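Before I ask anything, here is the structure I am working with.
In this document, chain identifiers A, B, C and D correspond to the written order of the chains, with residue numbering beginning at 1 in each.
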Amino acid sequence: MQLGLIGLGKMGFNMRERLREAGHEVIGYDPRPEVSDVANLEELAGALSAPRVVWVMVPSGTITHSTIVELAGVLSPGDLVIDGGNSRYTEDGPHAELLGEKGISFIDAGVSGGIWGLTEGYGLMVGGSDDDVARAMPIFDALRPPGDVADGFVHAGPVGAGHYAKMVHNGIEYGLMHAYAEGYELLAAEELIKDPQAVIQAWSNGTVVRSWLQSLLAKALKEDPGFAEISGYTEDSGEGRWTVEEAIAHRVPMPVIAASLFARFASRQEDSPTMKAVSALRNQFGGHAVKRISESG
Amino acid sequence: MQLGLIGLGKMGFNMRERLREAGHEVIGYDPRPEVSDVANLEELAGALSAPRVVWVMVPSGTITHSTIVELAGVLSPGDLVIDGGNSRYTEDGPHAELLGEKGISFIDAGVSGGIWGLTEGYGLMVGGSDDDVARAMPIFDALRPPGDVADGFVHAGPVGAGHYAKMVHNGIEYGLMHAYAEGYELLAAEELIKDPQAVIQAWSNGTVVRSWLQSLLAKALKEDPGFAEISGYTEDSGEGRWTVEEAIAHRVPMPVIAASLFARFASRQEDSPTMKAVSALRNQFGGHAVKRISESG
Amino acid sequence: MQLGLIGLGKMGFNMRERLREAGHEVIGYDPRPEVSDVANLEELAGALSAPRVVWVMVPSGTITHSTIVELAGVLSPGDLVIDGGNSRYTEDGPHAELLGEKGISFIDAGVSGGIWGLTEGYGLMVGGSDDDVARAMPIFDALRPPGDVADGFVHAGPVGAGHYAKMVHNGIEYGLMHAYAEGYELLAAEELIKDPQAVIQAWSNGTVVRSWLQSLLAKALKEDPGFAEISGYTEDSGEGRWTVEEAIAHRVPMPVIAASLFARFASRQEDSPTMKAVSALRNQFGGHAVKRISESG
Amino acid sequence: MQLGLIGLGKMGFNMRERLREAGHEVIGYDPRPEVSDVANLEELAGALSAPRVVWVMVPSGTITHSTIVELAGVLSPGDLVIDGGNSRYTEDGPHAELLGEKGISFIDAGVSGGIWGLTEGYGLMVGGSDDDVARAMPIFDALRPPGDVADGFVHAGPVGAGHYAKMVHNGIEYGLMHAYAEGYELLAAEELIKDPQAVIQAWSNGTVVRSWLQSLLAKALKEDPGFAEISGYTEDSGEGRWTVEEAIAHRVPMPVIAASLFARFASRQEDSPTMKAVSALRNQFGGHAVKRISESG
């Protein structure tokens, strides 16, 4: 089928490739003319036959919002917009409403798989009406990994459910990565262990902890032994924060995912105000030696 | 080759099967005569040709220790003992020494895979000398999963390193399970999500969080929707505790694995003394209503 | 000076007492006629001479909001409203604006001290303009504890700062209570310790951990040895949740306060879905015995 | 009464002062001749009339142990040794036994108060027999703060109980400090708050969170606004580690104290191996930008 695809960055570019390989006609738009098939959204709308399906794959937040506002202006009743970015699920309802006023349908789609999706397929979690999902199903089938549809695609619920499921997926991802990473640090700290990389590599088959992330950790350590080349400074994209906020809203205890989130915050601090305060307190009551700024290398 | 195997429980019984299927001669001993090939350890020693290789697969702690003490009495110089149970790595040095005084070698082997190992193979992490490991390699090759040896087997270091690696593996396992479980609880708490099982199932291909544990979680939810049949009371086998203790000994921050360990402790408390104290404090300063024992169902 | 006081519950009732003892004229309103001085807010406004100062001391959220809306209707330009409840600081701006449109000023006041404030005075953290704070200062001086003003009162910043400071105060309170409570549980678990109450009592003077909460914990244990009479079920009033949410918004690592919040959530669960999932996973891979619902007492 | 006091450092020196002011005869020994009253332990023993009471106030671990071994050689049956240092409680039993073989009694004493103890008195938690504690009571009475004995002194149980109680005290201390520090960091991060120091100062009276540590935090911030002069690098003296280890041994969930301990470990890392691994993983699956060592300032 025919698809308009907005955003041809790291994710969108590969998705266009995968969709075309599956025989779909994809007209892509990106502000960078060298990758774009059309000059602007109006031209994109003109190039697609109604009823159109347009996939938005741009950074979440302001850019996604303004793209959807612009689409509401150039699309027609009966068209369908799919937000495949990492939008917060709370934005889906308003977007569905905004488009719905023009008679345009909306699906939110959580897309997992990163740069590997091109070859392995993307894990998809979508929210929307049964009719809308059925309509876009050929696209989803081309994007998702081969095999049983239920193993790589879920219609998670009404509008918002797709991004909600993706948010939880990413929250879990934080916890998983941190668990492996703590284990790695302990292995690396223990003299008995000759080579942490070899241990983690050996978990690839048969063990309880085998996983895609485990294999990536082994791969990363092979490429950069001891992580000599990489800093611990770690960004967070928002979905971890939202997951913990949702946990609070639902009164769900979430110590593991929260701990992995807080560790990312801490990784970006040059020095921790909390620990300065703790250190100052120890000094106050105990006369314990503290490290003055002038001493800390 | 020929192997003596002590302990034919859930793990040992299956290992005997797998080894025999691979063409090895296994003489098993277990206190339960209906599964045992010999009547006692003396008979086991007699049935094996020197130099013998004996695999101990019994509960860690007292039973493993007494088994090794008894083996030191019935084996001969040049024999090799492999402890494949979940012993704490700190016990390996003393066991190696105790056997070494009789000229008997020792390998510690961490074995992962649970009840699935029979068919899929066991992930193996071993500690010992190069010569001893080379000698037992045919056994390891039969037990480990097929494919690249480095993906299912590691000679992690000297005596102790195998159990150390297995301990860290299990500590990571605690964290992984807890991360998935927190995500599940949040999915189950959110109305937008029609069916948490379907979401978790859909993570099987393409996603970042795909793993063996993820597939087991989907399977478990399919078998017992909403976990209606299972209690949250969760044992811990010791390796999680040891992992956190090692983290403390090495000054490794380990918030995620520790949080998952503490949650297991909490799951086994009828009521939490800590929370009783918190509740009593709130009552003291705020006159906040508290739940008296007589009210709590 | 003259003050209107809305809400004569646990806090407001005592505050009226304390203010009257300090020589202020307080006209209180409460929906319960047996404690109220006037029949309704209109009558309250009529009984006060302009420019009026009215203190709102009602449950945060809907009731505070509707009270302020109603006050906007019955007060006059030049009047001043003080919200002394535990409102979320994000509500203060809108309330100030709503009142400001009628020419009415607004102060947010965080009030700590609970039922002890009547005799010991209330710790006050206020937000608003310098002029407004100066105008209400006689009231603040009567409510706050005797001694140096800076030790029991702070003009923390513009509108919102008072409730913000109180929110952080309460977040810290969660962490402090939990730290004492964990220590209590460990003392109670250790056979060497004859009487945890006596130990905690002995921390009252000279020690680093001496505090008001420590003295309350000793008192609570004296009144209910072993906390035999109280359940661990612990409510949370919202300020802990908001504190962690603010930490996330500001990218502040907050593992301690978050852990104490999550433990409250957990205390209110009959059984933990997270732990059910962990237990089910252990069963899946290990064939570990799990506790079926039918077995759990 | 007469007391031998070994160790005249920060704590011991002040204790000698306080005891002398109370009218006791203190003969102090320290390897630094300028503060010592005698040349060695043999001379100390000779200077005291039997039955002697000797207080050991030296660094825990090796030095405490060797001191007690040496004392066993120079003291006589009927003498009493008090270990007032921060020894791990597990060392008390062996020390009591070692001395007991010579007919010498033993008390373990946890001493809190730091540099403030000289003027305010020291909080004391002791373990030992009733007779031994009664015998040393005049010393305890001089060291403890004035007022009700139960508010500054506890005979917590048999040998070991004193250090156990002190260990828990210090574990709680970690949690308390961290809770205040997290709150401080959030106050400092929020624009609405004009001056975090003033807010924390204002908690000194009337509030729920008032405490000695709170007053010290206000004082520290006054002396070093914004903690501009201090680094977050924070040592730990061992008692926090032991507390969490005891929690694990007793299966006590201890997320708050553990989190504060792990944060100290993290404060001493130049870069976190755990976060390097997390960052490397993000890079692997997402092509997320990572910070190379060469970039991190």
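We adopt the following convention: contacts are C-beta pairs under 8 Å (C-beta built on N, C-alpha and C of every residue); 3 or more make two chains touch, one makes a residue touch a chain.
A quick note: this is a predicted structure, and the numbers were derived from the prediction, not measured.
Participant: What is the touch distance from chain A to chain D, in steps?
Facilitator: The least step count works out to 1.
Participant: Measuring between Cα centroids, which chain is at the maximum distance from chain D?
Facilitator: Computed centres place A farthest from chain D.
Participant: For chain A and chain B, let me know how many angstrom lie between their CA-based centres, rounded off.
Facilitator: Centre separation, chain A to chain B: 32 Å.
Participant: In whole angstrom, what separates the CA-based centres of chain A and chain C?
Facilitator: A distance of 38 Å separates the two centres.
Participant: Which residue numbers or ranges of chain B touch two or more of the other chains?
Facilitator: In chain B, the residues touching two or more other chains are 114, 178, 180, 182, 185, 189, 208, 212-213, 252-255, 259-260, 262-263, 266, 272, 274, 285.
Participant: Show me the residue ranges of chain A that touch chain D in the complex, using the header's touch definition.
Facilitator: Within the complex, chain A contacts chain D at residues 10, 114-116, 177-178, 180-182, 184-185, 188-189, 212-213, 216-217, 219-221, 224, 227-235, 255, 259-260, 263-264, 266-267, 271-293, 295-296.
Participant: Which residues of chain C touch chain A in the complex?
Facilitator: Its residues touching chain A are 208, 241, 244-245, 248, 251-255, 258-259, 261-263, 265-266, 268-269, 272, 274, 285.
Participant: List the residues on chain D that touch chain C in their complex, please.
Facilitator: 89, 112-114, 117, 120-125, 127, 144-145, 147-148, 150-158, 160-161, 164-165, 168-176, 178-180, 182-183, 185-187, 189-190, 192-195, 198-199, 201-214, 243, 246-247, 250, 252-257, 259-260, 262-263
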